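What follows is one structure encoded as structure tokens, with my remarks underneath.
Order of writing sets the chain letters: A, B, C and D. Residues in each chain are counted from 1.
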Amino acid sequence: MQLETSTVMEHELAGGDYRLLTLASQRIADAVLPGQFVSLGLAAPADAILRRPFSVCDAGAGRLTILYKPVGRGTRAMLALRAGDSLSLLGPLGHGFPMPPSDAAQPPLLPVLVAGGYGVAPLYLLARRYPRRGLLFVGGATGRDILMTSAFAALGWEVHVATEDGSLGEHGRVTTPLDTWLAACEVDAKHDFFACGPTGLLHAVAQRAAAGGQRAWVSLDRHMGCGVGACLACVQRLNNDGEKVWGRVCKDGPVFDAARIVWE
Amino acid sequence: MQLETSTVMEHELAGGDYRLLTLASQRIADAVLPGQFVSLGLAAPADAILRRPFSVCDAGAGRLTILYKPVGRGTRAMLALRAGDSLSLLGPLGHGFPMPPSDAAQPPLLPVLVAGGYGVAPLYLLARRYPRRGLLFVGGATGRDILMTSAFAALGWEVHVATEDGSLGEHGRVTTPLDTWLAACEVDAKHDFFACGPTGLLHAVAQRAAAGGQRAWVSLDRHMGCGVGACLACVQRLNNDGEKVWGRVCKDGPVFDAARIVWE
Amino acid sequence: MTKTAAPPPDLAVTIGGLRLRNPVMVASGTFGYGVEYADVMPLAELGAIVVKGISLAPCAGNATPRLVEVPGGLVNAIGLQNPGVEGFIAQYMPFLRRRAVPVVVNIWGRRIEEYAEVAARLDGVPGVHALEVNISCPNIKDGGHVFGTRLDAAAAVVAAVRANTRLPIMPKLAPNVSDIAAFAQAVEAAGADAVALINSYPAMVIDVETRRPVLANVSGGLSGPAIHPIAVKLVYEAARAVQIPVIGIGGVSGPREALEFLIAGASAVQIGSANFGDPAVAGRVIEGIADYMRRHAMSSMRDLIGSLNVL
Amino acid sequence: MTKTAAPPPDLAVTIGGLRLRNPVMVASGTFGYGVEYADVMPLAELGAIVVKGISLAPCAGNATPRLVEVPGGLVNAIGLQNPGVEGFIAQYMPFLRRRAVPVVVNIWGRRIEEYAEVAARLDGVPGVHALEVNISCPNIKDGGHVFGTRLDAAAAVVAAVRANTRLPIMPKLAPNVSDIAAFAQAVEAAGADAVALINSYPAMVIDVETRRPVLANVSGGLSGPAIHPIAVKLVYEAARAVQIPVIGIGGVSGPREALEFLIAGASAVQIGSANFGDPAVAGRVIEGIADYMRRHAMSSMRDLIGSLNVL
């Protein structure tokens, strides 16, 4: 974990209301692993106390990109950031997705990514670094919430889209194309799920993984205080060998084995 | 008094750190009199509660200009204002300088303006509207604090400059050229003083006016709450026929007859 | 979002027998005597105006500086400068009487007898609709605040005022107590028709360069958004403790904060410091409450007041 | 501005016999157990670290949501989640002992005997330098806060802890009392070595759209810049009332707020919520105090502490 003063390099529309913000980073960009996040210290609004957490969408060579959606005071203030502006960057934070060693004897299982909205962000870094290509299932309310699909396709990943209003891809939730695909899989086919998005989506993936005897890794989104494990604001109930314990989403997660999560 | 949503038309450097900010105003610009002020409601910083008061430096034809110096949180945030930005404008506020009726039988006395720093602001509007030309004595710490002198000169006013570091005009306080001029005046010459600037300057003018049996009008600068006379934050001790009373600088002033002020 | 068919929501509330067209008042000391802001905030649109604190004799207030801005708030120590009750009636009531706005007079004293006397003088004055009894001003050395932090003293002031007026009376409570419910109950038992809270919170600002207090009075009262979450908690507790209406004050700067108070159990709210930043804020708050009620299909304030769902 | 010739100012202070290299601590509950922030804020630079509140048995804390941001502050209701005193010693003390930082353990209980027992277990644990006795947590239903708002209970807790430890003890006072001086004096008389104030202020936030409290615990504690002017007043009053050192807490987010506390009479300060926004804030505050002392030609903290000039 490092604290850097970082400079905005690029800030561009990513589709819909979403923005891609690229920051210069001396050390965090090189250290970050897929599924980890950073927290931004913003100068505005002046009465905001907390940093804002964002998954790292892409990183390397002294650059780090996040994909964000303006939803509240902090993210709306971020819209005013321009190239050259500086902000405080803390990271990498938390534990990301488990990555198979690239030199493993066994090839990794087929990776199946499931995303909603800005959930594609950590999955894109995963796709870039994963030793095997796989599939991305991505859903959203409308076509405006479907982001970065061509970037995944450019990496050679197979992309399936669903929107609730049917404006892009299949009509329905992301589980519609996912279930179609699962039904067509061989009965004993093994794959690993990686998911990021709204809780309902994560839960749906966890259920399918459990039903099929597969593993699923889900990235949780909780309102955070410190982002580093110190304040205990972001806790999530986990199963710990039958006992229920609190996990800190910021430090013990944000990525958890879906089987450990107590869904409420 | 009106409350308007106003738009920034121009925002330019006025010399030194000072800025001239010109706002579109439907009604306040036409109603304002020399020495009155407006208060700006700023969106940033988000945790600022109060509006910020500024003398009106120029006004007319739907435009209103203030001259300001960035000194604190609010005025520094104002530096970011760009043409097209909107802000809330309240005014005209307070009572300004007494203006002789332009159709009076008697010509008005010679107006002698004395200013320090942004004190030139209300005096410029006065100079523009006064039925008789006169003199401006303006002082500051350095030449960077001497503003708008060519604008006064262009109106045909005689300008005397003094700086404490001698970098522009005479070396010393504004009272140096003022006293030289006063000494050269005929003994029974009558003139009216109008002053705006730091309290020491106002007091010095008041003393000279009293000594010479002249009238002096001084514009006070007090930290304000409401700016409209409601909160009683900005009060100043005044002599009221021997009795000491509070005057509200925002409502009963900011311009007062110097003879009424209890200098402390 | 607006259901155009539905009749407009009725914002009227009744506080101690006094009917207000809406639950939004402007708070004492922040709106002068109404005349100062009348150009930009039509008084007739307000639920009520609470005027600056009035005492028996004229009061000069504190030395200056009297006010300082802090992040998210103000600290003030005006010191209750006012023209005295007779001066107030003579100078300001003629103007206020001509406006269709209920006038609540905020009163204070250094001794209980002073409160009683001010109340007596205001009883029957045309245009005065209610008395807000300030037992919580942090800015006068003697009296004022001590009444608001001692149960017996608080009750005694209210009883004395009660005995001297037929007007509805609403004591204004101090926030810096451990058990606000006890104070609300004490003044209810002493005859209050409603209870208003909170006054500004005792606070202090130091100029570190000069190592002097910024305010001439050394300390003052904190108001504004900074104290709002504290006020919501106190209003919630007070509203659960008494039968009389509660008036929520502290940090209202838009419809959201007003709605929080109402949902927590307040029957009305007051806007203080926010008037300085936006003189028309009261109008915005009234409109915002009406919009909210339309969106949530509420027809009267009964649907809103105390509608907090705890669980 | 810096006088290069002058020797560097000495920031050391002594709190109840414990010597701190500077007066800047990090506050309980906002810096975990040190390990969480150690990468970015070297622990050895701190005056001391105050760890998250520790109870006798492990405590699960409250349901979520536990924290909400408000303008100028936070409202939290973590509910004192902690691994219990033995868990704390086993899990965190080995790490902390290896760091050259004084460790202050914040302790709490639901009954006086629990406080006493936690204190006894920590007495003699290597690396534990002092106990901060939390009698003011607004977030647990029973115990905690009630001790901080009743004089006799506050004194009783402190006396019980005193009887069970040789470590310096510093009770942490509740802000929502009318007479902070009385509480400071009561705990001083009961054997406190120093007194820390303030804890977060009881507060509440309502989601107006759902008409539910935002926090699962219904209410929580307000911290951050919003409460700073309140804390300065309370620290000023406490410091004038007692002989023992006072530790100022509440809204420190830079050198200026820390200096206000010190000038008002605090011998040390704690930084809480501001750690979340800037994990290196404590370093900035320490540096800022040193700069200030250089600019004002102060050589030791004696020149600064209580230097307020009230005419």
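Please note the rule applied: a residue touches a chain if its C-beta (ideal position, glycine included) is under 8 Å from a C-beta of that chain, and two chains touch if they have at least 3 such contacts.
The structure displayed is predicted, hence computed values, not measured ones.
Steps from subunit A to subunit D, minimised over paths through touching chains, total 1.
Averaging Cα atoms per chain gives one point for each, and the point farthest from that of subunit C is the centre of A.
Centroids of subunit B and subunit D (each the mean of its C-alpha atoms) stand 48 Å apart. Inter-chain spacing, taken between the CA centroids of subunit C and subunit D, is 34 Å.
The geometric centre of subunit A is 57 Å away from that of subunit B, both derived from CA atoms. Within subunit D, residues 71-73, 225 each touch two or more of the remaining chains. Multi-chain contact residues of subunit B, defined as those touching 2 or more other chains: 46-48.
In terms of inter-chain touching, the protein chains here all touch one another pairwise. On subunit B, the positions that touch subunit A within their shared complex are 44-48. Touching subunit D in their complex are the following residues of subunit A: 1-3, 41, 47-51, 88, 90, 222-223, 225-236, 246, 251.
Of all the residues in subunit D, the ones that touch subunit B in their complex are 71-72, 225. Subunit C contributes residues 70-73, 75, 149-150, 174, 176-179, 201-206, 208, 210-213, 218-219, 222, 225-230, 232-233, 236, 256, 259-260, 263-264, 292, 307-311 to its touches with subunit D in the complex. Those residues of subunit D that touch subunit A in the shared complex are 29-32, 36-37, 39-40, 52, 60-61, 64-69, 71-74, 76, 78, 81, 224-225, 273-280.
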